[in-house]
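Chain nomenclature is as follows: A, B and C, assigned in order of appearance, with residue numbering initiated at 1 for each chain independently.
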Amino acid sequence: MGRFIVRRLLASIPVLFLVSLITFGLLWLVPGDPASMFLDASATAEALERVRRELGLDRPFLVRMGEWYMRLLQGDLGTSLLLNRSVTSAILERLPVTLSLTMLAFFFAVLIGVAAGVVAAVRHGKAADQGMMTLALLGLSIPEFWLGLVLIWLVAVLVPIFPAGDYVPFFTNPWEWARHIALPTFTLACVQMGFVARMTRSSMLEVLGQDFVRTARAKGLPESYVVVRHGLVNAMVPIVTVMGIMVGGLLGGAVVIEQVFSIPGMGRLIIGAVLSRDFPVIQGGLLFLALIYLMVNIGVDLLYAVIDPRVRLE
Amino acid sequence: MKLKFLQLALAASLALGAVVPAMAQKKGGDVVIAMTAAPPSLDPHATSAQVARNVNLHIFETLYARDEGARPVPDLATGVTVSPDGLTYVFALRQGVKFHNGKDMTPADVVASLERYRKAGASASLIAAIDTVAATGPNQVTIKLKTVQSTFLGNLSSPRAPIAIMPAEEAAKEMGKAASIGTGPFSFVEYKPDSHIKLARFDGYKPNPAYKERDGFAGAKVVHIDSVTFRFMPEAGARDAAVETGQVQFNEQTDSTTAKRLRGNANFQVISSLPFSAKILKYNMAQGAATDVNFRRAVQMSLNAEEIMGVAYPDNNRIDQSWVYAGSAYHTGRPVFKQDLAGAKASLAKSSYKGEKLTFIVHNDRPTVDAATVMQQQMTAIGINVELKVADWPTTSGIGLKSDQGWNFWTHGFGIEPYEGPASAMSHWVKGQGQRKEDPTIDALFAKFNGEMNVDAQKKMFAEFENRMADEAIATNIGNYGLFQVATSKLKNFKAYRIPRMWGVWLE
Amino acid sequence: MSATTTVQAANAAASAAPGRKSFVRRLFGNRSFVIGLVLVGLIALLALLANVVAPYDPLKGNFRERMLAPNLQHWMGTDHFGRDILSRVLHGARISLQIGFMVALLTGAAGVIIGATAGYFRRTDGVIMRLMDAFMAFPSIILAIAISSVLGASVTNVIIALAIAATPHTARIVRASVMVVREMEYVEAARALGAGHARILLRHVMANAMAPLVVRMTYVFAVAILAEAVLSYIGVGPPPPAPTFGAIIANGRDFIIAAPWITVAPGLAIVACVLGLNLLGDGLRDVLDPRMVVNR
């Protein structure tokens, strides 16, 4: 297993390198630079040139690219042009926020989704099944950012139960943290919940129809035991498959939810950097996100090996 | 009629404001301000961004500053003697002014700061006319100009990228690296990137004895509160929520809907800072359809200013098309242009426009995009084929500052120039900077204005400038708009200005 | 991802489909498919006829009728320009369907070319898949935002950006199918008989990869509509005054208290479109490839 991890980690490096290359490609093509963020609308071309020079943006692109890679090899992601701090510190401060939001949403999506899927599979064909699957399908079809806006309107403005946005760190005030993260988490989890529920249901149906389950039932084992110990455990493989993709969807969704709820996470950091052309932050942030995505995928593959020894780790 | 009510309301609140100082001021308390963005730099010379001004003008002061009526008055200086030929300015400095690090302000500090700004300041062109700066006495600094510049004191006192006075040691540092040590009523406490900047009352500050009360950026700046924290909150919804829950005491910018909703609420005061900026439509006179004056006139006549400003800045606009704000001595109160569809179509027919597709660039600020959308509809109504191109500010400004990037129209705010005065408003169109093609008449007017010290003559020249801009449709000034701000009603004696001033206010 | 391949192998074997005659009947017997088809069909019809059906010009604002709640003259109310929201939603549906369709088409084409190449010609597999992995490591929204910023905001560029974001996953699916079928006996037989690569690819390999591809394309269509809304909401979608769903919602965001209908109406329209497409996709999957892993 150790060898597997090392091999996968090594295999990630060329992918990360490609990610950084693609990012540079985009940055090279994208017009504009952060100099105009320093000055107001009546800036002259000369003033902009001067700011550009001060920021070091007048040097040739390949030189700047080479410098970035040099620094990367020393573990330094550079300094943000507009935030007045190192890229690493900006990311490290924002990352926990995004991760906590994503992980909470993941947790709830899996919890509720699997439960719903199991219930639907067990009550196959009956009202509960139809109802759950319709809800799941509905959840899949709702745009997350719109759901967030509507929820803000309903339960944060019209009936002020929850706050309309912003973020409170857990260690500052756990109760407020919970209040602030509730709506974003629910919004983010909603879509994925439907996904997981459908996945679980179809996987469960497949497993529950198999011989060994019938045998277990024939042996007189209690139904709940059969469903969970034999059914669910064996149905997990496709669900785990989906988990890796889910995290990608959650990370992408988190980016938008952070905008809607004004949460200071990675998503807003990167979008803000893209819109103001803060190159070092765009580079570092995207690299980090890619790293997380790859790590999660390695984790998912490891999970396969744990759940299903039949799966060979190539 | 809505405008009249607004004016009455403004007048009433101003009158009320004059009564307030009689109330007792409480000392102490902390004010938190929700600001739309973080300053790109804390070095006051390095940036002309509004959010940087908000913070830096609490920490730093300048030799001369603008008073409540935007006129240049002494701040760190006590006065100036100008030589008869207009080339030598001798500034007498205030005595006993301390920097936040305890040091006394000396002429050497002033000279170093000015030299630094001259070399690399964000708006260094403002003082390009300076030939030499020297300390010429224990409390005296002499500036010699290369040519006569009637607007020199105005430029020196421009709050745009303020020519802040800092200790000579700080001025020696590279641009962007100077520490936040100034002479202002607040001193720098901490900066948490991406979160907030905190300032505290500087107890060693001595309000300018030449004044009795606050006066624009000058005057007697008496601080009653203990500290002010500027929190960076780019999302409008978050700022609104924060002020309503009491997390912050002041929201630097909110929209008309929130303002309307909170107006009746006794816990909050809604402040309208009108005029804060002007909305202008720029034409690319170097390339494309807008090189033709008939085309530009057609466009200008097709616009309906009330509709544009009414959609983009509801309840917070004034159709005033002078290139300085009302209240300035140079304000001409010229008649506004009226929409004239027939005349527009006629002018369009006379022009060389053949129906080709035109590009209207605009940056992605909602009111600006809304204004552009309405303008586009109005232009389409007379037969102009124009498409909006929305992008972020760096992209848009990058395109608009060049002539050959394929743009025809550009709209954005014109805020600080009308406030600074006629020379500032004119300078944007000199050497073809804004409109991409030199207009010799404007260039000549500007040069003459700079050399003319007589105010009446200046007023005539400015009126000529405004006529030229309108007749030739060099650019179209659509109207003024304001800034809606919300504060807790516990914040007393607050008066709107170019920045949310935290001196002279107190918390109940 | 070996587990996926295993499942896909099982699917490919199972989907050696039964007789064609019952195919259409099975399709229309599937409730999901029918409901989805009706819903999508209705929306598509309304959208295509938007010019005729819409009561007002979606771009023209009536200054005196701003921010009206839904009433008899304006069934969905008006926005802060005075534009009729129902008309904007109908035209928005047309734009969204257009974008979704083109994205699905482009993604399908690109996915097939790339995936088939990687799956069939083993030497290219490593490089191509690394490249696909790199693209997949970007959150697709950010990729789309970046591409939009580079290309500029327009309907065409949104299509390109979303297609680029969706292709890697599709390529992966095609590749998996192709890899499974490539090893099968009848392909080896064909090769032994001297059939060229192209012939094998088209006749045998692709025929089998078609089923999961078609289902995936339906989902891509649905996701593209959602993604376009996000792009428009953030501000990098087709420029105003284009009445895309996301743009209408973005406009309504600042007035959500005063005029919630501006936000609610287009959102419901999105849900209707995407729901219909999801139902369609489900029906297709049930009939074409019931044991396919439901991936998006």
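To be clear about the criterion, a residue touches a chain if its C-beta (ideal position, glycine included) is under 8 Å from a C-beta of that chain, and two chains touch if they have at least 3 such contacts.
Bear in mind the structure is a predicted one, so any value in this text is a computation, not a measurement.
Chain contacts here are complete: no pair of chains fails to touch.
In this assembly, the chain whose C-alpha centre lies farthest from chain C is B. One simple way to say how far apart two chains are is to compare their mean CA positions; for chain B and chain C this gives 47 Å. Here the spacing of chain A and chain C, counted between their Cα centres, is 21 Å. Averaged C-alpha coordinates give centres for chain A and chain B that are 41 Å from one another. In chain C, 149, 257 are the positions where the chain touches two or more neighbouring chains simultaneously. Those residues of chain B in touch with two or more other chains are numbered 364, 391-392, 395.
Of all residues in chain A, those touching 2 or more other chains are 30-31, 152, 259, listed in ascending order.
Here chain C touches chain A in the complex through residues 1-4, 6-7, 130-131, 133-142, 145-147, 149-150, 222, 226, 229-230, 233-234, 249, 253, 256-257, 260, 263-264, 266-267, 270-271, 274-275, 278-279, 282, 291, 293-296, going by the rule given at the top. Within the complex, the chain B residues that touch chain C are 236, 255, 257, 260-261, 307, 310-311, 314, 364, 366, 369-370, 372-374, 376-377, 387-392, 395. Across the interface of their complex, chain C is touched by residues 14-16, 18-19, 21-22, 26, 29-31, 137-138, 140-147, 149-150, 152-153, 157, 195, 198-199, 202, 206, 237-238, 240-242, 245, 248-249, 251-252, 255-256, 259, 267, 270-271, 274, 286, 289-290, 293-294, 301, 304, 308, 311-314 of chain A. Across the complex, chain B is touched by residues 59-61, 63, 66, 80-82, 149, 152-153, 235, 239-241, 251, 254-255, 257-258 of chain C. Of all residues in chain B, only 38, 40-42, 46-50, 120, 122-125, 160-161, 175-176, 191, 193-194, 233-235, 237-238, 240-242, 245, 364, 391-399, 401-402, 412-417, 428, 433-434 touch chain A in the complex they form.
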